[in-house]
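A single structure is presented below for examination.
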Amino acid sequence: MFLIVVVSYILSIPFDTQPSPEVQKAFDYIENLPESSVILFSFDHEASSLPEIKPITLALLRHAFRSKAKVVGLSLFAEGTAIGYRMMTKAADEFGLKYGRDYVFLGFKPQHISAILGIGESITRVFPEDYLGNKTDTIPIMRGINNYDDIDMVITIADGDRPAQWIEYGGARYNQQIMAGLTAAMITSYDPYLASGQLYAVVGGLKGAAEYENLYGKRGGGNRGMLAQTSAHFYVIALIIIGNIIYFRGRKQQGRG
Amino acid sequence: MWFDGSTLPTLIFSIISFIIVLYTIWSVRSGRKFKIREIPGLNAVEEAVGRATEMGAAILYTPGWGGDIQRPTTIASMNILSKVAEKTAEYDCRLLYPTHDPVIMAVAQEVAREGYARAGYPERFKADDIFYISSSQFGYAAAVDGIISRSKPASIFLLGTFEAESLILAETGNSIGAIQIAGTDSTIQLSFFIVACDYTLIGEELFAASGYLSGNESILSSVKAQDILKILIALFIIISIIWATIDPSSTWWQF
Amino acid sequence: MQTRIPLLVCLISGVIMFAQYFSSLPIAKSIYENILEWWQIIFAFTLFVGVAAFIKTNLKSISQKKETPYRTISLIGLFLMPILALIGGTKIDSPFLWAFENMQAPMQATVFSLLAFFVASASYRGFRARSISASILLVTALIVLIGRVPIAELISESFPKIGFWIQNYPSMSARRAILIGIGLGSMTTALRVILGIERTYLRGN
Amino acid sequence: MDFGTLIAGILTLAIYTFLYKDNPIYRIAESWLIGLSIGYTLVIFWQTTLVDNLFNPLFGDGKLVMILPLILGLLMFSRFSKKISWMSRIPIAFMIGAGAGVAIPAMLYARTLKQVSASVVPLLGEKGAFNFEALVVVVGLLSTLAYFYFSREHKGIMGKAARLGTYFLMIFFGTTFGYTVMSRMSTFIGRIDFLLTDFLHVIK
């Protein structure tokens, strides 16, 4: 498997992919945002899922910055903290944006449920200081952002059940609109929330990132991995089929004996 | 406003639920017996302990990574642990219990100690076999994985809250040929447990199983209460769908 | 007293947090905010207790000469991070963050990527069409696996569509039932906890 | 190549030695990871919670009410003394009670009520077209609920419904399995990307 993935990764041919409806919806929302809308990015993942998370996040961040949204970042997973900051500054630098005026990173808060609920009351109270140690209420971008009333969309970038808590506490209680960037593994868990409208849209997995990149018009990490992804899938499919052939042969012989 | 009107449906539903829960608790206390349907996998508990004893190998029990002590799954897992500890005490089989949470560790030690005492062998209990390893998901996964491949337990119980570490644990267990009994409410992980384990308790089955095994009245009554609520929900859905089909402009069923 | 006080504390904090949901009074909000903040702080303390327990068990096994090198390495790593944080802070470009980004994060991601191999071996060994249920599981998994890579669209336009249909309707409905069931289960457990009927957490001191 | 990438590359390969079998190199890396990760969490919690939300308000701004959570927090340490260890139950009870109180309305509303009303879709669409999808969802939902009905043995109609429910469950698990495989492969591809691009410079 090592070999298959390595070879197909080096080869890497770009694919044209049809965007799935959810990705299209997410893209349209950010594309049509009025200037200076506020988007809250929550980096709710561990360092381990970075390979999948990174292309999704960068695609969404770039797009948000291009739509001239104000972006507030934070993290409800200790390990998402430094990663979130790095990705935000990386994307912002591409657009020449200024920290504190166009975007801000508030850092990490443990006990996510109380943090999510706390933001509904007062975001500066939950985060008295930002990641760099500035007093939150003195940061220009934070003027006029007190709680969910001032936030247009929460985008939770997650590899676990944080989006559920955003929905159950932020969404249910404060009517906050929520969108999610998910690892592929998490997608089906959130289907009911998507169907019920509790979750606005989902960009899921490397495929979702590739689709988003295509819509956005700049190919990146999502597209680069697609051929390797395809060959890995076919490898697994082959394993399943071989496993079953062996199983049924064994059973047939047992039946005869 | 002392009352937020938009929360009215939740309040009504809460009150209905409370009444039903309290009713079932009351009726169990006043001697009514609730039966729970048979759950496959429960009979395997004894088999799993017995097999470990025969092989002279240990049993590994873990509540997974991600749950804390107030998670219903963790509580359910504790109830089953209590029963398993009783059995391992009886058969004098070693019980390893690695966890990611210090509070869970402390509670599990107590629960297991009681189980051993109940079986009549308090001296067989080893507190050090129930231990904290790491709060980090993959620190925990790597460590438990190491324990499985080094100590080669004959049976593995994976009952509780699991996230991505589930597959590492279940597959490693599978590869050393252990009997595996898994149960969780984490739906993603269930698909792996079903593939890699011998028995899997799906979602609520874990709660019901803990009531069934422990005979704990309060859990049994909750299971009953949930069943009543499920019937109400099913009726609500059927009625409102018929209603909505006949009168598509109706919205009374929307919350 | 040893159980009564905790039960009372649990009851009071539970009832307050339940009741405030239905109110929009300022006083309710303020009590609620405070409780949330305290909750966070206490939680942080429990972590420190956990670490103390971890150090204790490690020192114990070192003194018993069990796995000494590995245990020592763990302890060094544990103390290294706070020391680095004390020396250079935790901000961008600090040694603390360097250690996180160049040691902890890559190792974690690598352990995570081992899952790919476990997935492969699980697919090979465990994924057998033993029964109707197992066959359904297998077929759906195959449809998704093929449907979610770009090549599927080249084979047939409808492939990804079948995948989406399965995901959005039958699969979603089962997930929804699980969600409702777990919601009800969590609710009854929470109620038992507040009322002091469920006391598992009080054990183990 | 900078020093950081070199270290990261070596540690990455050390973890991959596990694919051959459990060995001392892997175990050293594993122990190192366990230590680092605990140390990291410790530092972050100290800073973001204790310093920002407790020590600064209490000692800096003189918010005396914060003595209460401080005491509750310190009570956790009573665990280390046999005599007073019961006192650590108080902070735990506080957290559990608060968690349970918040959870009840949240669970009932977001997980139950919302999901129930989302399932109510007219079976006949506009112009009387039959909505097959809505029917599938309702049948799936009700039969899966029947599977999770514990008060009665699965026989008769209930048994048939529950059986149907397991099929829906298996479809769900199958879909999830597919997506999870996808996810895991992506992570692996990500590590390969690191090894080939940053560490070995095979790809530019």
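The first chain written gets the first letter, and so on, giving A, B, C and D; residue counts start at 1 in each chain.
In this text, a residue touches a chain if its C-beta (ideal position, glycine included) is under 8 Å from a C-beta of that chain, and two chains touch if they have at least 3 such contacts.
On a predicted model such as this, the values are computed, not experimentally measured, just so you know.
More C-beta pairs touch across one of A-C and A-B than the other; that pair is A-C. Ranking all chains by how far their C-alpha centres lie from the centre of chain B, first place goes to A. Once the centre of each chain is set as its mean CA position, chain B and chain D turn out to be 16 Å apart. One simple way to say how far apart two chains are is to compare their mean CA positions; for chain A and chain B this gives 30 Å. Separating the centre of chain C from that of chain D, both taken as means of CA atoms, is a distance of 3 Å. Shared interface positions of chain D, i.e. residues touching 2 or more other chains, are given as 27, 30, 33-34, 37-38, 40-41, 44-45, 49, 53, 79, 92, 95-96, 99-100, 102, 104-105, 107-112, 114-119, 138, 141-142, 145, 148, 169, 172-177, 179-182, 184-185, 187-188, 190-191.
Shared contact sites, meaning residues of chain A that touch two or more other chains, fall at 46, 48-51, 79, 109-111, 117, 173, 184-189, 192, 195, 205, 207, 229, 232-233, 236. Listed for chain B are residues 7, 10, 17, 69-70, 103, 106, 133-138, 142, 164, 167, 187-188, 191-192, 194-195, 202-204, 230, 233, each touching two or more other chains.
On the chain D side of its complex with chain C, the touching residues are 4-5, 7-9, 11-12, 15-16, 18-19, 27-47, 49-50, 53-54, 65-66, 68-70, 72-74, 76-77, 79-80, 85-86, 88-105, 107-108, 110-112, 115-116, 118-119, 133, 136-142, 144-145, 147-148, 165-182, 184-185, 187-188, 190-191, 194.
Taken in their complex, chain A has these residues touching chain D: 5-6, 9-10, 48-52, 54, 78-79, 81, 107-111, 113, 117, 128-129, 167-169, 171-173, 183-189, 192, 195-198, 204-207, 221, 224-225, 228-229, 232-233, 236. Residues 21-25, 46-47, 49-50, 53-54, 57, 60, 107-108, 111-112, 114-115, 118-119, 121-123, 125-127, 137, 175, 178, 180-182, 184-193, 197-198, 200-201, 203-205 of chain C are the ones that touch chain B when the two sit in their complex.
For chain B in complex with chain C, the touching residues are 1-4, 7, 10-11, 17-18, 21, 25, 69-70, 72, 75, 78-79, 101-103, 105-111, 114, 128, 131-138, 141-142, 164, 167-168, 170-172, 174-175, 185, 187, 191-192, 194-196, 202-204, 207, 218, 222, 225-226, 229-230, 233. Those residues of chain D lying in contact with chain B across their complex are 22, 27, 30, 33-34, 37-38, 41, 79, 92, 95-96, 99-100, 104-105, 108-109, 112-114, 116-117, 119-124, 134, 138, 141-142, 145, 148-154, 169, 172-174, 176-177, 180, 184.
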